[in-house]
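As written, the chains take the letters A, B, C, D and E, and residue 1 is the first residue of each chain.
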Amino acid sequence: MNWFENGGALSLIVFLPLAAALVMLVIPKAREEAIKQLALLVSVVTFALSLVVAFAFELGSSASYQFEISAPWISAIGSNYHIGVDGISLPLLVLSTFVLVLSIIYSWNHWEEPRNPKAFLALMLILATGMNGTFVALDLVLFFIFFEVVLLPMYFMIGIWGDKSMRKIPGFAREIPTRLYASLKFFLFTLFGSAFMLLGFLAIYFRAGDVAQRTFDIPELATLGAAGAFSPAAWSIGGLVFGALFLGFAVKVPMWPFHTWLPDAHTAAPTVGSVLLAAILLKLGSYGFVRIALPILPESARDWAPAIAILSVIGIIYGSLACLAQTDMKRLIAFSSVGHMGFVMLGISTLTDVGINAAIIGMVAHGLITGLLFFLAGSMHHRYHTREMSRLGGNQTLMPKMGGILGFTAMASLGLPGLAGFWGEFMALLGAFNPLEGLNVSLFRTAMVIGAIGTVLTAGYLLWMLQKVNFGEPSEEWVGHEFHDVDRFEMAAWVPLMILIVIIGVYPKLVLGSTTDAVVAMVDTAFNSGPTAALTVFGG
Amino acid sequence: MNYDIDYLALAPEIVVIITLLGVLALDLVLPRRLKYFTGAIAVVGLTLSAIPLILLAVGDLPVSMFDGSYVVDQFALVLKGLFLVSGYVVLVMSVSYIESDRYYQGEYYFLILSSILGSLVMASARDLIAIFIGLELTTAPLFLLAGWKKGDLKSNEAALKYFVLGVLSTAILLWGMSMLYGATGSIQFAEISAAVSSLRSGDPMMPLVVLAVVFVMVGFGFKVAAVPFHFWAPDTYEGSPIPVTAYLSVGSKAAGFVGMFVFVYLAVPSLSSVWGPLIWVMAALSMTVANLAALRQTNIVRLLAYSSIAQAGFMLVPFAAASLAGEGALAAGLEATVVYLVIYALMNLGAFAVVIVAVQRTGSAEIDSWAGLGRLDGRLAVLASVFFFSLAGIPPLAGWYAKFKMFTATIAAGGTWAYVLAAVAAVNAVIALAYYAKVAKAMWFDDPPEGAEEITEAPSGSLVLVLTIAAVVTVVVGVLPNIPDFFGEATRTLLATVGG
Amino acid sequence: MMVNQFLVIAALLFSLGIYGLLVRRNVVMVLLAVELMLNAVNINLVAFEAWIRSSLAVGQVFSIFVITIAAAEVGIGLAIVLLIFRNRQSANVDDFDLMKY
Amino acid sequence: MNLLAQLAVEAPHEEVHLGDGGVFAEWAWIMLVLPFVAFLLIIWRGKHMKHQGAEFAIGAMAVNLVMATVLFVSNMLEGIYHEGAVEIARIGLFKGHDLIFELGWVVDGLSIMMYWVVAFVGLAVFVYAVGYMHGDVRVTWFFASLSLFAGSMLVLVGSPNLVQLIIGWEGVGVASWLLIGHYWEQKENSSAAIKAFLTNKVADVGLVIGAIYIGLTLGDFRFSTLEAAAVDGDAALAAVAGLAGLLLFIGAMGKSAQFPFHIWLPDAMAGPTPVSALMHAATMVTAGIYLMARTFPLYQNLAGDVAILGSLDLRGLMVGIGAITLFGMGLLALVADDIKKVLAYSTVSQLGYMMTAVAAGGYTAGLFHLFTHAFFKALLFLGAGSVIHAVHSNNMSDMGGLRKDMPKTFWTFIVGSLALAGIMPLAGFWSKDEILATLDYEGYQMVFWVAVAGAFVTAFYMTRAVALTFFGTYKGHGHPHESPSIMTTPLIVLAIPSVIAGFFNIPGVKWGPIRNFTEWLAARTVAMGDHHAEAIEWNLAAIGLAAGLAGILIGWLIFGRDAETQVARDRVEVPLLYPLLRQKYYMDHLALGLVGATKGPLARAVDWINTYVIDGIVNGVGAVVKAAGTVIYDGIDQRGVDGIFNGAAAASDAAGRSLAKLQTGRLQNYATGFVVGALILVVALVVAL
Amino acid sequence: MDFADWLAQPVNWVYLAIGSAVIVSAFKVVTSQNVVHAALFLVATLAGTAGLFLLLAAEFVAWVLVLVYIGAVVVLFLFGIMITRAPVVRDVGLDNKKARPLAAVLSLGLFLLLSYTSLLAFGAEQVQGVGEPTPTAILGEALLGRFVLPFEIVGFVLLAALVGGITVARRDLTPAEEEERGAV
């Protein structure tokens, strides 16, 4: 099984979905069952492989890359096909394959117009290749490619199967369909960010040394970065380069004020698209920070950390407040991501082991929870044909199971301790209490307090949403309607998510056990903090 | 003086000459219904001309003739290959198009082949006269081909605009060349380079040389349709027969680039402070103006015209940046532009092939007429998406690597101006996406017109061939960028052989 | 005789050519203007040759090429003029703006 | 040298010998888990059961009671201490050592007391609820939520560390939200539920940040570490003690409904009565007191004396807030018509006693009152529920004369009322007396008299409630009947400890091998260091008792003899005070941030205020916040931030349009552009070089 | 060398004469409102240019110019003028008057630029060998030796212009006519 450990497993995880998508193209459209079964089979196999990887993963040395392979790829620039997982990427990889399976199960009997399961599933599988690939890529160019590969499928998903309603855009004369606006906005924003990200990558590449030493290899660059090769002291544009990377990742996360594509894209996307977007795609950005920006540019990261922290807490408060103004359930959930990812970024901005661990578990939790919320929003839209919360009242009466699951997920989303969402928020606050030495402690503590206040607002809008959607008497207009409560495909897709939310909530070690050593090693090398003898005292 | 001719080194040109003469002769004798045979001859001829190319590539290089004014090196071979391949694709594309519209087939192929011959000459030309003649041979047939749809007023107009502005640019180019000759006493690039490199700022000769260099660059800028010398392009592209447009946007543009490379790198390398800023401005303007203007287009061909102007801007970027970084970076800039050119040629030809198919079906090149193509003809829409998104530079389609190389060379050059240009390019890459996506939007997101039926019949075999080749190469190159890199790498010899 | 006295004439011809190109409405007149410009280049080349006196008379050779090309251009240009005129009954440049923006 | 290492070498701070509690202590985690198992079972199978899943809830609680009783008894005889934990996360190399998160269970005097109270009261309430909720909507879900409620409380009280405490703490909040909003068809109910949750959540910010301060200062979230550090006077902890103590106290104020966080509690009466009983007696509101008791060493040793404002130290602040709560909320109970609201305000008032006591340094005194209060307040609520069940109204104005129709309810209610009023020898007397003694000993003379006045008020409003409910003539509709035995039995069961619970902590009295309550609670890792009286201070007891008796007497004089409530009410309607009380001190309005309302003409102001009272604070603050949300969203996000994108897009579009205009279609314009471009470039470059 | 010295050389008198003729006629080419006149002024310009060539020892080129241009190109122009001018429907000016100011400014600027650069660069450099025409043999050898390749290629330019020009310029038969002719 040598090939398996030497990159074979990961390559399969990455490219199997793509291969399946290609195979799917030759299956006639009419053979829908075969198409669906193929998609499910492949996603299950991918997931199983990722589980095998997870179990075979040496937790003891989670700080080093495993299942690694590095083969020459673009020789002219010394870019390699270098993939591998460490403790940081492993949970995200498993999450990605896992959510794909659930999405395909859910899709089984949920098709948005104009239907066409073949195209939809093929896009989904291509998307999977991009997502999985990003999490295992250890070469900047490879990372960039996978990072971008997700764009097209998502663009098409939103544009073809998205919201059919019309929308007036300020500055433009005509009303245009929401899906068109949203899909293009998503595409443009991300491309804008990643164009600058690419420039940043290239700047790093050329800074890495003489022609022979130049490299796109992330671990090598991280070593160089830790040695101060890219510090602004020695390299005048170091800070700018971080800014370029920041732009690329922050758009994807999305951080305030680059978030405006998100509510539109999420709202307009078909259900599964929203789920994948929320569950995985947003993580690509924050993962980029952890994998690339911080280790390679530690000094600039220090300089930028306060700004990131400030933007994060703005995002937390701002996202929550914006949620309060929503009348559209899906848009509310979309905006909630701004707040939640704010916590993730707050964690990252502390540059501490606690904060970054918080970010990763926050990412996983957000993926599970918000994914589930979007599933629910989609299913409810499927039944009510509206997402207006004012019309959805009494859902709990009409569909008790749906309402119950919605309640559960909302609780998880507001960071209820004991459920997955809690750890990300709580640990982010922990991290902000004691940021990396040298960062402005009072700033971060202020951020901590504001973040904590943000949790109240989060609770507020989610409870308020539940009140509007679940509670009260059903609206007159539904009299005489028969509503099918949660069906078996939905159950099959959702129950695993709920179980995982509880398990991670009660036993966060499931994620943190994998990440902690890797994060500590990363923080140690990058920021050279090492174990400090004295505990930081209040005010110190 | 020894002006021996190495016939092997000239073999590709000779094969093309034989072919075009054959085509012309055959056209006289063939009855009308067999005229399409001339196309076959042309295709075969071009294929054959690739054989000596390969022989040369594995043989001893470089071969230098006529006092070094005609050189066959790896650079020349790569670009000749590019001209042959793109010419080949254009010919194949033309077959069904020309056939269907009762155009003059023999003459058409003859002119295309003449233009290709001109490009081949340009790739090897190393003195002012040769490159001028090559340029004229490349361009002159195209003036006529642009008006090939004789009954179409737009085609007439296209030819006229192209011609008048072409002649204007020729005149300006010639003025520049004449002044260079006067200033240096030579028409040979190596000698010009030697003479020019001794010039210092403040030399009374300097303004003249600056003017000469700019004028020559204007001539090439016209060929590559760089802003502000691009005005002809949108109108001419729109009016010309689509295969001709495809050739204009690829072959003829590439010829312009070849002229620029050779002239800049071999004749006036030391004057990078002149042509560097010049190209910088042309690059920035081309990208920005064309991209913004493209946003407004409703005609797909016109959109591609603006797109090709913008792409030319992108291609100029590494060129401009390299000039700012001095001698060392020139090779990287050259390589990046060649790689871009190679990739661009493929994907752009693919895009035009799709346009031909679509226009043959709907009779319209308006973007609106593509509405719902995804549902009517999924395969064509997929291919179109591949090409258009590749043009937009979305990984993993080949276009990304072109842009990547461009950024690489630019960042490698370093310095404020390079970074600014890179930033401009980055923003433009985003703007460009907006209009490429517009095409995708029409195909996939808009509903097909009422009563439209699913299309099952396949386009003509030759187009299928073109589409398949272009699509496969677009995807493969995107995943394995070593392939274009190989060619890009080879062109570095341009700098190695002459002057260094 | 100085080189410059010829170059100045050439510059004048070239500039007049540009002027004609920009103001003339009739396509044939535009072509005439272009011929002036090409001719100006020829004066340059020949004048330089007389100054440099290269062994191969490069300047003169070049000017012969330019003359040839100019002739070819005129042929092409007039063909296009005929083509257009037949379709439009006009040889006025500013009548042709079917394609714009 | 880090703190954990210190801990490792030093001997544990045990002053008394503590047993290990044996197998029951080791398996005590079952108590924490069982309600959740019941919750899942109810959801899974509940609908198919005879009592719709109540069986599981009751079964779990019964098992818990058995286990808790065993521990309780062992602790009575010999103090026990056991702590177990499962590591759930570990963040490596955090500041030199691992930061560990654990879930666990602690078995010591404090937690055992709480286990038992929760199990005992919980079981009584569950059984009662079977009768009370019979035929009601969503009974299955109700019992599931009740289990969740009890389970979360057990997780909270069993927690060996701050993080798990937070988990239980929020779990209690969510369960309370579910239960308060049980009748969510009406918007008021779900709004009340949200109000409860959010008010708590605001206070929780304090708890969470306080926990972070302590946890990260010590590098450990365990209470045992905190206690040891507090007793040792750890310098790092001392530096943050004041702030951390205040923050934790804010958290406790929320859960324990201390002024001004009491606003959620009266509204929480929207839930079914058993919920109120459970919430006010054993779970939820006691959590704040429990937290103060659990972290008592911190306040006792470090935080209490930290100055907050001028000469006011933290301890003074806490005592003061407790005092305000105990007296002010008692007054509010005086004017409420809704019997449940009377009891609710009563609870807040009693929580004020507990908080005052614990804050003043009376660890045992506060908890003893918590202990006794749990029984008689549960009893009173269940009794009230029984009455409500009979008359189908919450309002005392619809009741009256029920003593003949509902004798069991009446007599048990009387027992509860007397206990609450602090009449000797019932439970309330002893615990209240101990609080008074503590206040006296610690030197809070003013607060002492406030507490006495509070005792008077307590007796007064309970007399009023009893009189209006059970005496006089019946004013409601239909014929009320005594509740079924499944409801009355819990009343009787709860009446017993309401009578006898006080005997376990009479200073200087010992019942055979049974140690007294003070010693039960002393079974902790460190000594609490609070004061215990050697013998009953009869003078203080007499004052308290006199206040209670006076309250009953005056109450009876006003309400008992004349059953016409309207008249009775008029007599106490003191100008100014009465409207103030009726409007709950305008606290809701204050919370609205509408202090300025008093400036205008009073009438208009009151009217204006009243319009906003309807939905209460959450909707009020909510409206403000939501308005802010709208401003942010519509004004800033859609116009500003999003506007930048749309603006950029529109600008590109316009630029494209004008640039495309350059393409005029005129050949000579093109040529002009061409030449101009070339000329500009040449001139620029010639000039530049 | 001052102006008087310059004027003392007789060849410069010739130069002045021919030069002014060239300039005047060139001016008329672009300003004349009569198309035929314009074409004839071009003839004059070219003839003058040929004279200048003779002054510059480029005998062969001068005659080529005369033959090719005056003999062929201008005739071509006249044909073009005849064909396109005769059936003019509207009576419109030959110039776009609105464009004149800008065009004048531009061409004046261009002239200044071109002459400035040239004057600066070449100062008083003298042409050599006036009266010693370049032997035509040299040109012949150059064209067929060193420049044989461009020479060949330029043939293809002419060929392409010829073939393409004919194709483009000829009138296509309508399908009806075609049928007719096919029948014949």
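Keep in mind that, in the parts below, contacts are C-beta pairs under 8 Å (C-beta built on N, C-alpha and C of every residue); 3 or more make two chains touch, one makes a residue touch a chain.
Only a predicted model underlies this, so the values are computations on that prediction, with no experimental measurement involved.
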Worksheet item: What is the shortest path, in steps, from chain D to chain E when you may only step between chains that touch?
Response: 1
Worksheet, complete the sentence: The pair of chains with the most residue-pair contacts is C-E
Worksheet item: Hey, which chain ends up farthest from chain E, C-alpha centres compared?
Response: D
Worksheet item: By CA centroid distance, what chain is farthest from chain B?
Response: D
Discussion item. Suppose each chain is reduced to the average of its Cα coordinates; what separation in Å results between chain A and chain B?
Written reply: 42
Worksheet entry | chain A and chain C: spacing of chain centres that average the CA atoms, whole Å | 64
Discussion item. Please tell me the distance, in whole Å, between the geometric centres of chain C and chain D computed from their C-alpha atoms.
Written reply: 96
Worksheet item: In angstrom, rounded to a whole number, how far apart do the mean CA points of chain C and chain E lie?
Response: 6
Worksheet item: On chain A, where are the residues touching two or more other chains?
Response: 188
Response to the item:
Shared-interface residues of chain E (touching two or more other chains) are 96, 99, 102-103, 106, 110, 113-114, 117-118, 122-123, 146-147, 150, 154, 157, 160-161, 164-165, 168
Response to the item:
Among all residues of chain B, those touching at least two other chains are 129, 132-133, 136, 140, 143-144, 147, 150-151, 159-161, 164, 168, 175, 179, 182, 207, 210-211, 234-235, 296, 434
Discussion item. With touch defined as at the top, which chains are paired up in contact here?
Written reply: A-B, A-D, B-C, B-D, B-E, C-D, C-E, D-E
Worksheet item: In the complex of these two chains, what residues of chain C are touching chain B?
Response: 3, 7, 14, 17, 21, 27, 30-31, 34, 37-38, 40-41, 44-45, 47-48, 51-52, 54, 58-59, 61-62, 65-66, 69, 72-73, 76-77, 79-81, 83-84, 87-88, 93, 96-101
Response to the item:
Residue positions on chain D within touch of chain C in the complex are 660-661, 663-668, 671-672, 675
Item to complete: Using the touch definition up top, name the residues of chain D that touch chain B in the complex.
Response: 649, 652-653, 655-657, 659-660, 662-663, 665, 667, 669-671, 673-678, 681-682, 684-686, 688-689
Worksheet entry | Residues of chain D that touch chain A when the two form their complex | 1-3, 87-97, 99, 101, 103, 163, 166-171, 174, 177, 181, 184-187, 190-191, 193-194, 197-198, 201-202, 204-205, 208-209, 212-213, 215-219, 235-236, 239-240, 243, 622, 625-626, 628-630, 632-634, 636-637, 639, 641-647, 649-650, 653
Discussion item. Give the list of chain A residues in touch with chain D in this complex.
Written reply: 169-172, 185, 188-189, 256-257, 259-261, 318, 320-326, 353-354, 357, 394, 396-397, 411, 416-418, 422-423, 426-427, 429-430, 433-434, 448-449, 452-453, 455-457, 459-461, 463-464, 467, 470-473, 506-509, 512-513, 516-517, 519-520, 524, 531-533, 535-539
